[in-house]
Amino acid sequence: MSDMTEIVKRISGVNPRKCMKCGKCSAACPAYDEMDYHPHQFVDMVENGRLEELMDSKGIYMCLSCFACLERCPRSVEPAKLIEAVRLAVVRQQDKNHLKPEQIPGLLDAELPQQAITSAFRKYRK
Amino acid sequence: MQVNQEFKPTIVAFCCNWCSYAGADLSGTNRLQYPANVKIIRIPCSCRLNPMFILRAFQRGADGVILCGCHPGDCHYTTGNYYARRRMTLLFSMLDFLGIERERTRVEWVSAAEGAKFAATMNEFVETVTKLGENKRLEDLRCKS
Amino acid sequence: MTYSYFPGCTLKTKGKDLDIWGRASMEALGVTLEELPQWQCCGAVYPQAKDEIATKLSSVRALVSARDQGRDLVTLCSACHHVIKRVNCDMAQDEYIRTRANNYLQLETPYAGETKVLHYLEVLRDEIGFDKLKEQVKRPLAGRKIGAYYGCLLLRPSKELKFDDPENPTIMEDFIRALGAEPVVYAMRNECCGGYTTLENKPYAAKQAGKVLDNAANCGAAEIITACPLCMYNLKENGGGRLPVKYFTELLAEALGVKEAEA
Amino acid sequence: MQKIGVFVCWCGSNIAATVDVQAVSDALAKEPGVVFSTNYQYMCSQAGQDMIQDTIKEYGLTGVVVCSCSPRMHEATFRKTCEKAGLNPYMVEIANIREQCSWIHKDKETGTEKAIILGRAAIAKVHLNAPLTAGQSPVTKRALVIGGGIAGIQTALDIAEAGFPVDIVETKPTIGGKMTQIDKTFPTLDCAACILTPKMVDAAQNENINILSYSEVESVKGFVGNFTVTIRRKARYVDETKCTGCGLCTEKCPQKKVPNEFNLGLDNRRAIYIPFAQAVPKVATIDPNYCTMLKTGKCGVCSKVCTAGAIDYKQQDELIEREYGAIVAATGFNPISMDKFDEFAYSQSPDVVTSLEFERLMNAAGPTGGTLLRPSDGTHPHTLVFVQCVGSRCDGGEKGKPYCSKICCMYTAKHAMLTREKYPDTDVYVFYIDVRTPGKNFDEFYRRAVEEYGVHYIKGMVGKVVPENGKLKVQASDLLGGQQLHIDADMVVLAAAIEPDKSARPLATMLTASMDTNDFFTEAHPKLRPVESPTAGVFLSGACQGPKDIPDTVAQAGAAAAKVIGLLSKDQLTCNPCVANSNELMCNGCSACEKVCPYGAITYIDKDFRGPNRTTLRRRVAQVNPAVCQGCGACTVACPSGAMDLKGFSNAQIMAEVDAICK
């Protein structure tokens, strides 16, 4: 698992040791209540090699990519990049796509912009 | 005849008065051993080190030269070690040009509290230079007949 | 003045209003937006992973195409702007990504972030100027209280987007003022509306949109403008109709008298 | 040729155990120039010193080499010994054969061999030594204190008590600084004004103290003991000598809408004003940016009501020049701007305030008369949220400061406690990253806030403040509780980081005093010389050196004063004679040395030299001021023509040592 931790650190470019545990990321996060693990926990758990738990969490699909955590972090830790890296670590595995094309028709409505589908495909599958 | 004559390099260490010279004293006070090849010259600040002194040492047969100063930011004269660092960078490139191995010249920051670091640095440096073997002596051809 | 223009996928379909009024207004202001030939969708979300190259290539193609035309590249959709601007930063600053992308694309002249990427609003502010814009306004929107909704993508990360102060932006307020209306500042204007989760978690997207609209309404806004088709969808469809939401370009077209002429 | 005596010390067995001292003294006796060489058990003992002195006289020695312990131990001792025997003290060199030889080598042969080489190097150096005389420079017995806050006042009072005249230069119309704006002080909760204003009065009444308020330092020339400082006395349009401070003008002035900086803009003052009731000097000042008379020439109300005839609309700035022996920087701090932190909605709601603003809102002399009321609607707040570390401990980008501001934890505990004490119906939340309370009675104080006053301390940060419907919706993390909190607060108080006053940077340039990357003054040594600047004669007092609370500031202010008194009590300063000097015949006037000198000791003059055929050539040459030069030698290496050299560590001397070692 520690290999995976290294991969996540590398592809995110995040150094979790820069974190001073202030919790401002989780204070700024608009999706906090939707996530089982919260931005500050991602930083802490990656630092401590607890990647398996993160990869099993549903929080990785609830991150809005709004970058509030990244913008407001006083130490430039950039938790958003870490969350995305953990999500990629999951969906890059075989058969681990979170969104399947056959689900799409059921999710459409008349006004839904293309952007929503494109971005969901980008974020949730490889 | 030369069986017992293992190579003992001549090493000149320039130490600033405020940090590194005191660090060297401390390593003595703590009885930390390092080879006798190292001879220390006291200078007020690492920025007093004229690169010429290093060239002179190599000209006179030194096998290695090391400069020790206060850690960056701790210079007694505020900025001296920054000057030293820049000048040494230039000198390194000149020594490269002259064909003197990079490992024979070194800059280290040793504080007055780092007796152990001083001894360790010297041990390591002597080892490195010993491996490199005798230095070719820089010569002033004008002085040759 | 002519700029290269990247409309993006949504502006050709569900977000047509953003595009139509945007172009018409610029035309009225004497600026031509020339659509890039054969542009591809930017992907709608910036791939943050350092090892993702393929997903950035369509943006690089757009950037190269603008460079080859010798023009600055103007974007209108927040998401496209975010993606293209950040990919451009990567191409300029990240050697790994630059080398890989160039190796893949095999361009005649390698690309290293030369194109200047401008958002439509930046053109109004920095190239035309809000003072000049004010002079061009034919039908000032006097008496209207409008809340600007920035969302996330235009502002953050501010180190790369350099669009405005990420916590206290003023560009859209200045824009509203230039059109003769009264901007309403409200704190949720730079908070996420939750639009990205509309497929996964509609109730949450609706809750978040509600928070934004409530805050705007409670601060006195009677309508909202946005630059993002996804925000538009979410605020409108999931926001419970609390406030009317418009694209900022539509507002611009109204003030310039373009909209009426077309209608 | 020098006549050199060599004295090898055994140091009991410390040296003699691993160095054959007899062999060393025998070997060194053969060195050129050595006329006497011996060894002795303890060279530093009285008998050893007597031996050196006798030998100097008997042999007419011109140089002495002592092979002994480190020069850091006994160089000064042996210099004094030789001086008593009539030899110039700088003709002594020490070969360090203890710390750098006998103590680090076990093998006697190796140690002896090395000791001989070190001795040779010292002999080679002493051959090139020249007698040096320490210069003397006179000391002007007056000190300048820049900044009139509690730091400056305390330093000035202590210097004045010792009998030396002091000038305080303060840029504001009154002395007192930040402490005048503070309500209560931690951890004792005594009133700041009650303990500060008597000191301000003491300063005003002390005949050795001269307060130059509403004044700024314009330029500084000179060096330790001999500074010449130009001070700009800004026009206050009121004759200080005539104004009685009655305050009538400040009541009658028709221009009422001037933001009152003393209350941080929370209320207004007039265009002519006295900052607060206990101001020192208590004289009025006209704000030229708002005065109708000064701007349009029409009004003159203050002049009409002033019975003392003190108003002078024609007053001009005045430049005065004074001599000082020592300068103390006491420029203090300011809270940083909250512009870049609008996630806390500081610009969007008047109910989001900084901690210093909160002090004013709690202060009996503040805009609300000491009743805590919301600035927006004047109602009593029930829920207050305090946010710590706003702009402190950031990673050094444009936003925020990398350091801990040190005082915020304690003043926030104080604010929280005072709020709960005065208004038991309030809910008070403090969001903290760490609570840092090192200090006497500090942690006890913080615990009291939690345990006795029921302040809710929550580990976490506030991420967003949304003003809506008269409330401040605070979104924050509660890390220990594992939840995101949403609090509807009435007021939010931001513990803004503190930064050095903006005037410090230009002042440091004038003083050639060094600063760190955060614009705090650097001390001469971070541990052992904390109140001195590396620039001789410049001292540091208070928060201009680093974040400090009041007790630390006062302690440092007193320490700076002690250093100043030590300097001013000397009639003459003895300079370090190992200074740079320039050979004018070789100097090409390039300024390279001037640029690297950290002390501004090198200046350039135009000097006439005799040229060929009775001509005169005027050339630009470097001159070193030996009183300012600290002898680092940076210039000697920068000099491209080799004109610059360092006495006591000359190029020739160091080369001779190199040669001796490499032989």
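We call the chains A, B, C and D, going by the order they appear; numbering starts again at 1 in every chain.
Methods note: a contact is a pair of C-beta atoms (placed from the backbone, for glycine too) under 8 Å apart; a residue touches a chain by one contact, two chains touch by 3 or more.
Quick caveat, the model's predicted, so the values are computed rather than measured.
Engineer: Between chain pairs A-D and A-C, which one is joined by a greater number of C-beta pairs in contact?
Structural biologist: Ranking A-D and A-C by C-beta contacts puts A-C first.
Engineer: What is the distance, in whole Å, between the centres of subunit A and subunit D, each centre taken as the mean of its C-alpha atoms?
Structural biologist: Taking the mean C-alpha position of each chain, the two centres sit 47 Å apart.
Engineer: Averaged over CA atoms, how far is the centre of subunit A from the centre of subunit C? Could you give it in whole Å?
Structural biologist: The separation of the two C-alpha centroids amounts to 24 Å.
Engineer: Give, as an integer number of Å, the spacing between the C-alpha centres of subunit B and subunit A.
Structural biologist: Here the centre of subunit B sits 51 Å away from the centre of subunit A.
Engineer: Based only on mean CA positions, could you tell me how far subunit B sits from subunit C in angstrom?
Structural biologist: 60
Engineer: Send over the residues of subunit A in touch with two or more other chains.
Structural biologist: Within subunit A, the residues that touch at least two other chains are 68.
Engineer: Find every residue in subunit C that makes contact with two or more other chains and list them.
Structural biologist: Within subunit C, the residues that touch at least two other chains are 167, 191.
Engineer: Where in subunit D do residues touch two or more other chains at once?
Structural biologist: Residues 343, 397, 464 of subunit D touch two or more partner chains.
Engineer: Would you mind giving me the full set of chain pairs in touch?
Structural biologist: Contact pairs between chains: A-C, A-D, B-D, C-D.
Engineer: Contact residues on subunit C for subunit A in the complex?
Structural biologist: 8-10, 13-15, 41, 43-45, 47-52, 55, 77, 79, 152, 155-158, 166-167, 191-192, 194-201, 204, 208, 229-230, 232-233, 236-237
Engineer: Across the complex, what residues on subunit C touch subunit D?
Structural biologist: It comes out as residues 159, 165, 167-168, 185-188, 191, 214-215, 218-219.
Engineer: So in the complex, the part of subunit D that touches subunit B is made up of which residues?
Structural biologist: 70-72, 96, 98-101, 103-106, 110-111, 113-114, 117-118, 121, 514, 522, 525-526, 534, 578, 596, 598, 630-634, 636-638, 646, 649, 651, 654-655, 657-659, 661-663
Engineer: Quick check on the complex: what are the subunit D residues that touch subunit C?
Structural biologist: 339-343, 345, 347-348, 397, 464-469
Engineer: In the complex of these two chains, what residues of subunit A are touching subunit C?
Structural biologist: 10-13, 30-31, 34, 61-62, 64-68, 70-71, 78, 80-81, 84-85, 88, 99, 107, 109, 111-120, 122-123
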